[in-house]
Amino acid sequence: MSSVDLSTTLGNAWFPAPIFTASGCASSGRELSQFFELHSIGGVVTKSVMSKARHGRPTPRMAETPSGMLNSIGLQGPGIDAFLEKDIPFLLEKKARIIVSIAGETVEEYSTLARKLRGVSGISAIEVNISCPNVENRGLVFACDPEASRRVIDGVRRTIGGELPIIAKLSPDVTDLVHIAKGVVEAGADALALINTVLGMVINVETMRPQLANKTGGLSGPAIRPIAVRAIYQVHAALPKVPILGMGGVASGRDAFEMIIAGASGVSVGTASFGNPNAIPVIQNELRDLLAAKGFSSLREAIGYAHRIEVSDGE
Amino acid sequence: MSSVDLSTTLGNAWFPAPIFTASGCASSGRELSQFFELHSIGGVVTKSVMSKARHGRPTPRMAETPSGMLNSIGLQGPGIDAFLEKDIPFLLEKKARIIVSIAGETVEEYSTLARKLRGVSGISAIEVNISCPNVENRGLVFACDPEASRRVIDGVRRTIGGELPIIAKLSPDVTDLVHIAKGVVEAGADALALINTVLGMVINVETMRPQLANKTGGLSGPAIRPIAVRAIYQVHAALPKVPILGMGGVASGRDAFEMIIAGASGVSVGTASFGNPNAIPVIQNELRDLLAAKGFSSLREAIGYAHRIEVSDGE
Amino acid sequence: MSAINRNAQQIAAAVVSNKRVGQYHQLIVNIGDAANHCKPGNFVAINVGGDTSRMVLRRAFAISRVSANSISGGTMELIVAPYGQGSSWLCSQNEGAMLDVVVPLGTAFGIPTEPVQVLLVGGGYGSAPLFGLAEVLNARGCRVDMLLGASTASKIYAPMEGKRSVNSLRIYTEDGSMGQAGRVTDPIKALIDDMNIAVIYSCGPMAMLSAIDSLTRGTDVIHQCAVEESMACGIGICMTCVLPTMGSDGVISMLRSCIDGPVMDGETVLWDKVGKAL
Amino acid sequence: MSAINRNAQQIAAAVVSNKRVGQYHQLIVNIGDAANHCKPGNFVAINVGGDTSRMVLRRAFAISRVSANSISGGTMELIVAPYGQGSSWLCSQNEGAMLDVVVPLGTAFGIPTEPVQVLLVGGGYGSAPLFGLAEVLNARGCRVDMLLGASTASKIYAPMEGKRSVNSLRIYTEDGSMGQAGRVTDPIKALIDDMNIAVIYSCGPMAMLSAIDSLTRGTDVIHQCAVEESMACGIGICMTCVLPTMGSDGVISMLRSCIDGPVMDGETVLWDKVGKAL
């Protein structure tokens, strides 16, 4: 094992390693803990929790696509109270670092969720999933509306106080991602999670109808990696001091490295865990070896390294 | 060979078959005519031509990605005059139906191009590629700006007069595609081409720099097909009377069929021709067989068929 | 200690043999010691397409039988229908090919503690896990009757040696090309009425399972069915494979068919809500 | 009649043999009658990864030699370095595997009409097409000297039988593990000065070609080089493979190296503009 310092930070939260689960792709953590030790990775990003329990969408909820998949789960979950009661204690027992992902249908719901989390100990950060339809504005997804995005983050920031880092998770389905990113950072986000899934559709040619019960779904997996890398690179160029949790199609240490040199401080792995339950520890080990092979003694030196041309352009 | 009527229309232009080349993926047509007869397919969409000759971007101009590729050609081309002199006569000689794609850096350049095309006989339609940086507005891509998109189409419409159909080619990299689509249709577009490439980036882990000389590039190929199908489905639902030329990752008759039942009246094939010079005729034959197997006696019956649930919802 | 998929392992497993049987392929795969942990009803999740595959998700297959005492280590048998790109790839793998397998996964058929009378109902390749199950039930002293159905003869999977563990076997094909013409569910009502059946074990298309449920619901007959929903992960982390269920407490929930199934108590499934909003 | 790739065909071609040679694989592929149309310098474009591959683009390979009189029909020889996922896949294809090949593509080396003195310079697998070329030149009565270079011995491809057509062969390795230590370009200047070389034929990394150009530019020596740019299509339709060139009329253009190359007149290439904005 090569001796590279893999530790990283997102806002004031410190993590011994840079690879995380992706929200909604690790359930409560129990399921993956059969395959590897949850404390051996950066941390567990929990599935987005809402204030009430939800059944989510009808099936079919998935379709495989070339080098990717569509999903439309509809945020099935137990609600924040049951989540705090059952899932958090399990993760703490496993000594996992925890990033809690929250989702809401109104600005108020996000604040309510933040209030419930304020007193909970053992949480490293909050990821705010704003890729949810805003019921107060014709179902327009918060993350697609700069003003609504800001208001959500602002509400969470005010409620939670100054301690816990807020990671705003953005959607790539926008004309101007940097504009949205700047808005949420101004509103109080300490870090950004890039990217959520890309809106897509598959039509079943047997039934000649959309394959998913919900018609559209979120595209994830290696197919979207070039979109994610572009998003991370663009946002890091515009906001070099804001840490980024990168994700979207990472399936190997090479892919994680690509995101890190594009500007990510940490990397979440989602779809790859469906294809390989051991993907996360494998990726983390491959990344360590790759960093060593490239001559980096720490992960931090590598963050944003692909931008170095711009830096020397000024010389 | 099954007897399905494959003919289709885009605005008032009629085509005997529904599969077209995609702009920029068939060069002048000469190169593919070694592999199949150009008149056997729907038509040739020429590479976007500008008013002046251009060298395009430096190399590397491409990177392969999972089930896709990035390109950044930078609209290398001979300019409209040489194009009209050399390429159009060749295509006419081959009895190909011709859709001329135009691109500009200013609203005025598009109109100038339209003026040059006005008198040219043998052209079936004009595809207006508005995924170009607008030099008059900080390089903001026309297709990402509803107002600029409208102005381009409006200028072309006024110049060209009422005869030649205008196909506005839109970018998926926007928050509200339907809004942009409505705008260009109001401004005079007879049909829509969906979708242009998705902005992406690949970082070369050897050099630890962006792989493309231009850093970002356009993502194409099967990876983006779910995004394209979603775009076609959404726009067809909102504007059911506006014909759509669908494209993005079509590599088989099944894929073309998926786009047609999503709402496309014709389908362009780009990246698949790179992997297989005979892709277009193969896809067209597979589509014919699939339509027959599904019991359609004409392509037209299948257009938008996947939307039939909504229609019967009203009963 | 986590109870979910307690014995699951990811292993590199060699194909021992691949034989065509009607429209199916019988694959024998060497899974070593993992074979000792496989119970009838469990399934495996297999990577498809090799290193440069565009298929990012595993495919699930019921374990037909395991044999722990083979020379080369424990093996499992799969019955695979070459349907789409993933299963077709699997059916093209020959002796010696290495597969990336996660095994065993999911719930198993509940085995009665008493030697009761049971009925096994299989549709298409759904018969695969029933023969391994029949052996276990037979060893417990149960009377085991089996009904197999499919659209046509070549889709009936009923191996010679499997028949040893069943007391009777009746075959139904919709086109009448083998056994009786008709559906496998046709005789069930009469069998429930005439015989003293304690448990029906079923595996096959969802429509078949649902039809059996409508016959057993409200009766004393327990219906243990192995469901088949689209699964992205097979290990409980994606929430794509859910089925609407109602517990004995009346609570409705969307349960994951990969970890709370594939074997479920038919009575808990809200069959008419499958694919509908709750 | 279109002059571009006039003889190109897409064919299903069987692998006749696959042998490791140092760090390379020598693949013999049956291409039937197409072999008759292949000229030294032409290349082929091959689909990689099979039916469910995530690789959507073909890979280009120089044709090393063709043999039209083999029993099974015409064959071509390729020398493949297992570099990334596509070439590694190709190197793993065994006898009998079917490849989807487009052949022949691109320009060929120009052959002098007189029996002049020529120098062939190959870097790494760039030597592959030079042996087939040497045969042709030799048959024309040319004196053929060859220089091959690579970083290390296992990257030198110099088959026994190939040496028959060359008058002299010198090998250079950077680590000195075979032949002389140094670069293949080191002796060229002296050779041009001392001998009466009319044409240099080169194939190898772009840096090597450019270095040779700087030695021949302004001299009477013609430099025919086979370039290697990233190619998405190989048939002239994508514009990804361009090289900046200047024609004899002084006009600068970005020429496609797949159809206006891979063999180009070294003097027309603007080597210092490669990868730069024009």
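Of note:
In this document, chain identifiers A, B, C and D correspond to the written order of the chains, with residue numbering beginning at 1 in each.
The working rule: a contact is a pair of C-beta atoms (placed from the backbone, for glycine too) under 8 Å apart; a residue touches a chain by one contact, two chains touch by 3 or more.
In this text, all values refer to a predicted model and were calculated from it rather than measured experimentally.
A count of C-beta contacts for the chain pairs B-D and A-D puts B-D on top. Seen from the C-alpha centroid of chain C, the farthest chain centroid is that of D.
Taking each chain's centre as the average of its CA atoms, chain A and chain C sit 36 Å apart.
Centroids built from CA atoms put chain C at 47 Å from chain B. Counting partners per residue, chain C has 54-55 as the residues that reach two or more other chains. Residue positions 66-68, 221-222 of chain B each touch two or more of the other chains.
Viewed as a network of touching protein chains, the structure reduces to a complete graph with every chain in contact with every other. Residue ranges on chain B touching chain D, taken from their complex, read 24-27, 30-35, 47, 55-62, 64, 66-69, 71, 73, 76, 213, 221-222, 251, 271-278. Chain contact summary for the complex, chain D toward chain C: residues 48-55, 85-86, 89. Listing the residues of chain C that touch chain B in their complex gives 54. If you check the complex, the residues on chain B that touch chain A are 63, 65-68, 70, 144, 173-176, 198-203, 205, 208-210, 215-216, 219, 221-227, 229-230, 233, 249, 254, 257-258, 261-262, 290, 294, 305-306, 308-309. The touching residues of chain A, when paired with chain D in their complex, are 66-67, 222.
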